[in-house]
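Beneath this line is the structure, given in structure tokens, with notes to follow.
The first chain written gets the first letter, and so on, giving A, B, C, D, E and F; residue counts start at 1 in each chain.
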Amino acid sequence: MNDANRLHENGPVNWQLAQIVEDLRGARNEWRSRTGRHPEQGGRELPSRQSIEEVVERLASALFPMRLGPNDLREESEDFFVGHTLDAALNALLVQARLELRYSARQRGDVVDSRIDEHAVVLVRDFARALPEMRKLLDADVLAAYQGDPAARSVDEVLLCYPGVVAIIHHRLAHHLYNAGLPLLARIISELAHSATGIDIHPGAQIGSSFFIDHGTGVVIGETAIIGRQVRIYQAVTLGAKRFTSDETGQLHKGEPRHPIVEDEVVIYAGATILGRVTIGKGSTIGGNVWLTRSVPPGSQVSQASLQHDESRCGKN
Amino acid sequence: MNDANRLHENGPVNWQLAQIVEDLRGARNEWRSRTGRHPEQGGRELPSRQSIEEVVERLASALFPMRLGPNDLREESEDFFVGHTLDAALNALLVQARLELRYSARQRGDVVDSRIDEHAVVLVRDFARALPEMRKLLDADVLAAYQGDPAARSVDEVLLCYPGVVAIIHHRLAHHLYNAGLPLLARIISELAHSATGIDIHPGAQIGSSFFIDHGTGVVIGETAIIGRQVRIYQAVTLGAKRFTSDETGQLHKGEPRHPIVEDEVVIYAGATILGRVTIGKGSTIGGNVWLTRSVPPGSQVSQASLQHDESRCGKN
Amino acid sequence: MNDANRLHENGPVNWQLAQIVEDLRGARNEWRSRTGRHPEQGGRELPSRQSIEEVVERLASALFPMRLGPNDLREESEDFFVGHTLDAALNALLVQARLELRYSARQRGDVVDSRIDEHAVVLVRDFARALPEMRKLLDADVLAAYQGDPAARSVDEVLLCYPGVVAIIHHRLAHHLYNAGLPLLARIISELAHSATGIDIHPGAQIGSSFFIDHGTGVVIGETAIIGRQVRIYQAVTLGAKRFTSDETGQLHKGEPRHPIVEDEVVIYAGATILGRVTIGKGSTIGGNVWLTRSVPPGSQVSQASLQHDESRCGKN
Amino acid sequence: MNDANRLHENGPVNWQLAQIVEDLRGARNEWRSRTGRHPEQGGRELPSRQSIEEVVERLASALFPMRLGPNDLREESEDFFVGHTLDAALNALLVQARLELRYSARQRGDVVDSRIDEHAVVLVRDFARALPEMRKLLDADVLAAYQGDPAARSVDEVLLCYPGVVAIIHHRLAHHLYNAGLPLLARIISELAHSATGIDIHPGAQIGSSFFIDHGTGVVIGETAIIGRQVRIYQAVTLGAKRFTSDETGQLHKGEPRHPIVEDEVVIYAGATILGRVTIGKGSTIGGNVWLTRSVPPGSQVSQASLQHDESRCGKN
Amino acid sequence: MNDANRLHENGPVNWQLAQIVEDLRGARNEWRSRTGRHPEQGGRELPSRQSIEEVVERLASALFPMRLGPNDLREESEDFFVGHTLDAALNALLVQARLELRYSARQRGDVVDSRIDEHAVVLVRDFARALPEMRKLLDADVLAAYQGDPAARSVDEVLLCYPGVVAIIHHRLAHHLYNAGLPLLARIISELAHSATGIDIHPGAQIGSSFFIDHGTGVVIGETAIIGRQVRIYQAVTLGAKRFTSDETGQLHKGEPRHPIVEDEVVIYAGATILGRVTIGKGSTIGGNVWLTRSVPPGSQVSQASLQHDESRCGKN
Amino acid sequence: MNDANRLHENGPVNWQLAQIVEDLRGARNEWRSRTGRHPEQGGRELPSRQSIEEVVERLASALFPMRLGPNDLREESEDFFVGHTLDAALNALLVQARLELRYSARQRGDVVDSRIDEHAVVLVRDFARALPEMRKLLDADVLAAYQGDPAARSVDEVLLCYPGVVAIIHHRLAHHLYNAGLPLLARIISELAHSATGIDIHPGAQIGSSFFIDHGTGVVIGETAIIGRQVRIYQAVTLGAKRFTSDETGQLHKGEPRHPIVEDEVVIYAGATILGRVTIGKGSTIGGNVWLTRSVPPGSQVSQASLQHDESRCGKN
């Protein structure tokens, strides 16, 4: 469409591109000198969000071929599909893993040589070996969702529709990569799920089997959170750090445990906020909108009312 | 890109695919035996999220051709566009409807024969007949959004931009399919809107005319909710089930009314949570962040302050 | 796939399209007469969400070529990429700007002539000139995110992964267009970010430098909000209008200041709600889930506890 | 793929693009000054081969909806498909027609103003009006192919498979545009057919009804050729100009009749070459590989043998 | 692009589509009544050229995975790729086979029922079973090309580049389908090769092993031609029917042998034309541009000169 | 589409893929052992026709940005477009060049190490440096076409439409690569042109400036042909090797001069065949369908008639 040119009868539009391009180059150079980068450093070497999105889609269809794979799949062709799709996914993941390893080596000032590439192969091969176990974990998650939601009609509906299942598929893949030393790939995978579902699980979070998030929008689970088995949580639940008080003492130490431990069989209802390295005891139930910054023993039933009761008692003393 | 192979000079990468494919097959078989499926059952027969997404896009552009249709549309070509686009959408919907009906027949252990296919045609034809009425309902929703938001500059801006409008278009289509006996298609459509907008409306919810959701992220409306006319709600509002107490008595019965009834002309501000089969009387206003688990009479003005006042009074007694 | 036809051996499916198309035309005519449009008015003349999405993607990759641009970019080719990509983006933006200007002229009943097209060129050229400054602002935002999140490992990770960065890139582009008299384009850009991140910033909001939103799902920032420098906010924070009381006095006047002023170096934790034209003084900290409808002086530390304390004191007096 | 950069451990590849771009600019300027173009002339304003290819595909599927249209078309949806597809094709053709008219006006040194655009509309509208007649002509061509080839099993096979039918569809569209004063669009359409089939028919050639080319590769039909009804020709037939002798007298006058007239019901077998403004009389048969530069009366049977016989007779005199 | 509408300030373009659509419908009805079709007959049921093109591409990459398959293929993943690609190709071929069988049943006036569909499965399964043998035949063809062309540097270059190899791959697939009773699919495949290479081999032609066509443009091989082993032919060779004389006796009987028999180890140079059911004896060489309508014994060396010699001798007698 | 499965009510189709895949593997192994390849050799390492096609398209649009580039290009953005497009083309070409160099090293039994990759960079850089000169040569070719065809209306029409121009653009690119030691890439480029135009020029052919091929289908120009300046040829002309006699003496030596030398300002009309290492003297004209296997002096006028005359004279002696 030659629309842009057609505007003026006296001649085409002129954007003064040369000037803008020069000013943008100036801005880039300013940034690079400010962040200590040498403009001559060379090429773009960062993982690609779009490539990783394709990798995850392929892995998901290889893990669940009859439900997330192509429509004309039959038992006869299942293994061929799985093998071919895995191969394409792993080859593409290898490229991304190399990009991250090289990037972080350059960030650390390390030499970038072929050992990095060999290391990438090892990481991706280990990841591949772990896929069958991940599938089993995800099967348990799907069953937990099916059993946890009275509105669910079938395990297949759960896998096809539930955003909580999308989030946990991404998380289990991302968590493996995070542990393997590919935190950037892991984080990109987490953010893909976050964008699609509104569920924001840091790839570092440790999550036990049979985990279920219902509805999910607004859920935030922090990097050092530890979640047991058979845990169920609802939308807008935060398992966060007590940043408020932490800010007074200065900068948080990265990696230090600062998010909650949620033991087995806990249920946390919508909007509840649990902050800090507290422990929610096994089998407890945390009510909707509860604001909790301290540990509770196993079997606790915490609700807004019970808390206000406590606090008013406290207030009375 | 032959990147994967280039890594080692000694030969290409080897993922040990055969072993992984075998282990994944084992995991699938385990799952199938655990959920009672016979591996010999055959082909994949589940609706496709991507196909349904295309159906919805086509239906939306056929419903609003001058605003969501192609850019070069003119009055002269409007009916041709609408007819052709509808035809493509309905044919594709028919394929998906058949997949769901066959799937649920197999789930029930029914015979899968050509009567199912004929039933799918009837369902899609009824759906098609209902489209003009849906368009009228949606026109009223758009007007309500325009009138309800002082920042809205035109009805067209509302249709093009507002996530609440995206959500209600999906819901009115999904609700028809839900009632028609295609709950899986309905749910997939709902989740498409959920992913795009953060608004999670169960396709079973009954919603009256002139409905408006502003901002919308985090809204959850449950399966048995009933919403009257001219209702307006804001972001992070939950119309949910009182699951907390229900868990004590055991499993909820599916389909039992368990979500709120919101009567005509009610406004519910951001973050309010209303749980259980309670009734919000006509013309009431529910304030931001209010937590409400009981019915309120018509014309009520409920705010956090008023509730705390009540509760402190209650507490005093 | 001739699936639709294969259903009946007696002949192909018939959707009675002619009737539905006629009824849909009737519904459109009803709408048009109700909203005062003449059916003979002519062609579709509205901006396209999809085109604008492509424009924003191109602008983002021209602004950050080495991180959001193509993978094979090198320093040598950077300016060529930037110039070519900008050119394509600006030409496409010009088409959309013309569509909005013509649309709003028709809405106002103005004559639509070539001066509108010339005005569009001027607006887009000014926008283009402002891009280098926007890049500098965004660099400061990225640095703020990096410094504000202890989990961030590098500025590049922040740019690639953080939804808050996606939101602020969109906002700074949208805000320029909003001020330039293209509010519909601006709004569409805002909603693209809202859909991708769950962060809903009205394009009219004024946001100072070094702004950072963490996690972000559920954040709402209103049209007349003013945010200073070095402000940090978390998920589910609302900077809204006190609509509740306003509704009693009738319709809000469009454009009237009705959202909060947040001064420099304020931190607002997750779930806090601040409503009305109140001022949060410089350096204040607003705790999680706080509900605030009045101004606080510089250096305030507001938490749920402190508020309840205040309120109980107030209640006592 | 960051392949290009990965090559050297010492840094990325450098193509010295700046120098090459400058040299290419120099080559362009040289060309422009040599062909009398002002570099400041402005934008690219030439029709696009790709756009025209899409126009032709759409026109073909609108002309033959049940055979070249989408697979799920049914009688019910035929008119909607035809109307919508035509609309898209004509709008796109209008853009191309304007580009050619503006281009040729600039070539002639004429003013480029809005009258050109109005003229383009008139041309495209006339073209649209002629489509039903073209369809009837093409139906006759298809029948002629079916009747002319003993191997043809059905008229549908002919339409789907025969390169001669592809060529004549393109020609009848191109010939209308050629006559309408859009010779560049016409030529591009002819070359699309030439590339797909090896059949090179100049858009100026006048071809009567029920025309059939079998196999077709290597056929060349010149600009001023006139072909009657029911003519059948085979591969590698040339209806050309006697350029050999013409070259001696200097440059040919453009448009002067210089190609053969082929009267009704003539058959020309493979490899025959007929050159110059000669007339092949009604009902004649021209044998394979015949080289003919003089007229033959109606009913002639010309073969290599007969010609050699003639020539040897001539030689004897 | 709203280009079409922008033309007239007084309103958008109007193509009078309704009238044209009506006239086109009239032309279709005329055609249908002329060819004996009932307009109510229903849906489009014809194979799709585009689908078949995809099938052939997939089959080719499954047959030659390391040379025509994806770039990142390795030995490890070869079988997975082959199995998955074959499955997709066969499923798609099945759909097309059904369309042809149903179409030809309707043409014959037969009942269209599920036995047709079962027959399609049988045909495609037989085709699939024959693929390994076809691969072996094609390997021999590739070797013959390599050995026959002194310019060929490797067998891989031959497979990647030579149009004669493209043609024979298509032919061997098409010939199987032709024999199986799917002549329309076969013909479409042949025409795909014809369009890509200029080589026109009728799918009915029987071609022995180690066949090689060099350059190829303009080659035509007729339906009943029989070609032995180790035959080599060059561009513009025709193995056709003597249509000239046949026309005098009336219509050719379909299927009657009317094209040449070429015995083993024959070479036919460029431009040679051999017509009628003649036999070229084993080991013969036919020179360039030779026109031959009679059989020659084994070991013949036929050139233009030798023929003229013969003819002049004949002339002398 | 689940078509394939729907066929049998008793279960889905089964293609017995496992068996076919095994048989195909057997056929591959047979081929590999026959051609001396070790199955364990590893990955696919061959250039990709599709990638090369994209490279050529990009190079063509970078060479002629205002005519083959994007429609919205303007003078202002020309260099940016050229630089960015070249960069993408050269990076992609580098990947393909590496694949060919590695492939031919393996064929020769050489070690494949990083020196090969460095060599690829050098070759592509030299190619890039030569592009401005190629542009100048091509400009002269376009002018020659414009001047040589009385039907050509403008140089732009020639560039957009003429298949001879497509062929010479491909050839000049391919010939450079052929000389640089990348004969496989060169051959693939030649075959792309051959497929699109029916013109088959071996990349080794040396062609002087201002070369023009009209119509072109069926033209074949051999590897060692040498063509001077200002040469014009028509469709179906062959400049080939005298293979007929050569076959008697055994296999041709690769690379030995065996195709014609055509001196400056020669015109060769359609269908002429010139074979062997003969010389067509400067300024000669070769008539249509002439068969020539001996040299002719400068200024010759060769026609079928003149040859027969010669031959009959020869015959008389």
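As a convention for this text, a residue touches a chain if its C-beta (ideal position, glycine included) is under 8 Å from a C-beta of that chain, and two chains touch if they have at least 3 such contacts.
These numbers come from a predicted model, not from an experiment.
Note on connectivity: the fewest chain-to-chain touch steps from chain B to chain C number 1. Remark: rotation between chain B and chain D after Cα superposition is 180° (nearest 5).
Chain centres here are C-alpha means, and the one lying farthest from chain A is D.
The equivalent interface to B-C, defined as the listed pair sharing over half of its contact pairs by residue number with it, is D-E out of D-E, B-D or A-E.
Put simply, the C-alpha centre of chain E and that of chain F have 24 angstrom between them. With each centre defined as the average position of its C-alpha atoms, the distance from chain C to chain D rounds to 51 Å. Averaging C-alpha coordinates per chain places the centre of chain B 57 Å away from that of chain F. Each of residues 1-5, 12-13, 15-18, 21, 40, 42-44, 70-72, 74-77, 79-80, 82-83, 86-87, 91, 95, 198, 217-218, 236 in chain E touches at least two other chains. Residue ranges on chain E touching chain F, taken from their complex, read 62-63, 65-67, 69-75, 78-79, 82-83, 86-87, 90-91, 94-95, 114, 117-118, 120-121, 124-125, 128-129, 131-132, 135-136, 139, 150-151, 153-157, 160-163, 196-198, 215, 217-218, 235-236, 267, 269-271, 285, 287-289, 303-304, 312. Every residue of chain A that touches chain C in the complex is listed here, in rising order: 1, 3-4, 7-8, 13, 15-21, 23-28, 30-31, 34-35, 39-44, 46-49, 103, 107, 183-184, 187-188, 190-191, 194-195, 198, 200, 202, 217-218, 220, 223, 236, 238, 240, 243-244, 247, 251-254, 273, 275, 291, 315. Listing the residues of chain B that touch chain D in their complex gives 1, 3, 70, 72, 74, 76-77, 79-88, 91.
Those residues of chain D lying in contact with chain C across their complex are 1-5, 12-18, 21, 71-72, 74-77, 80.
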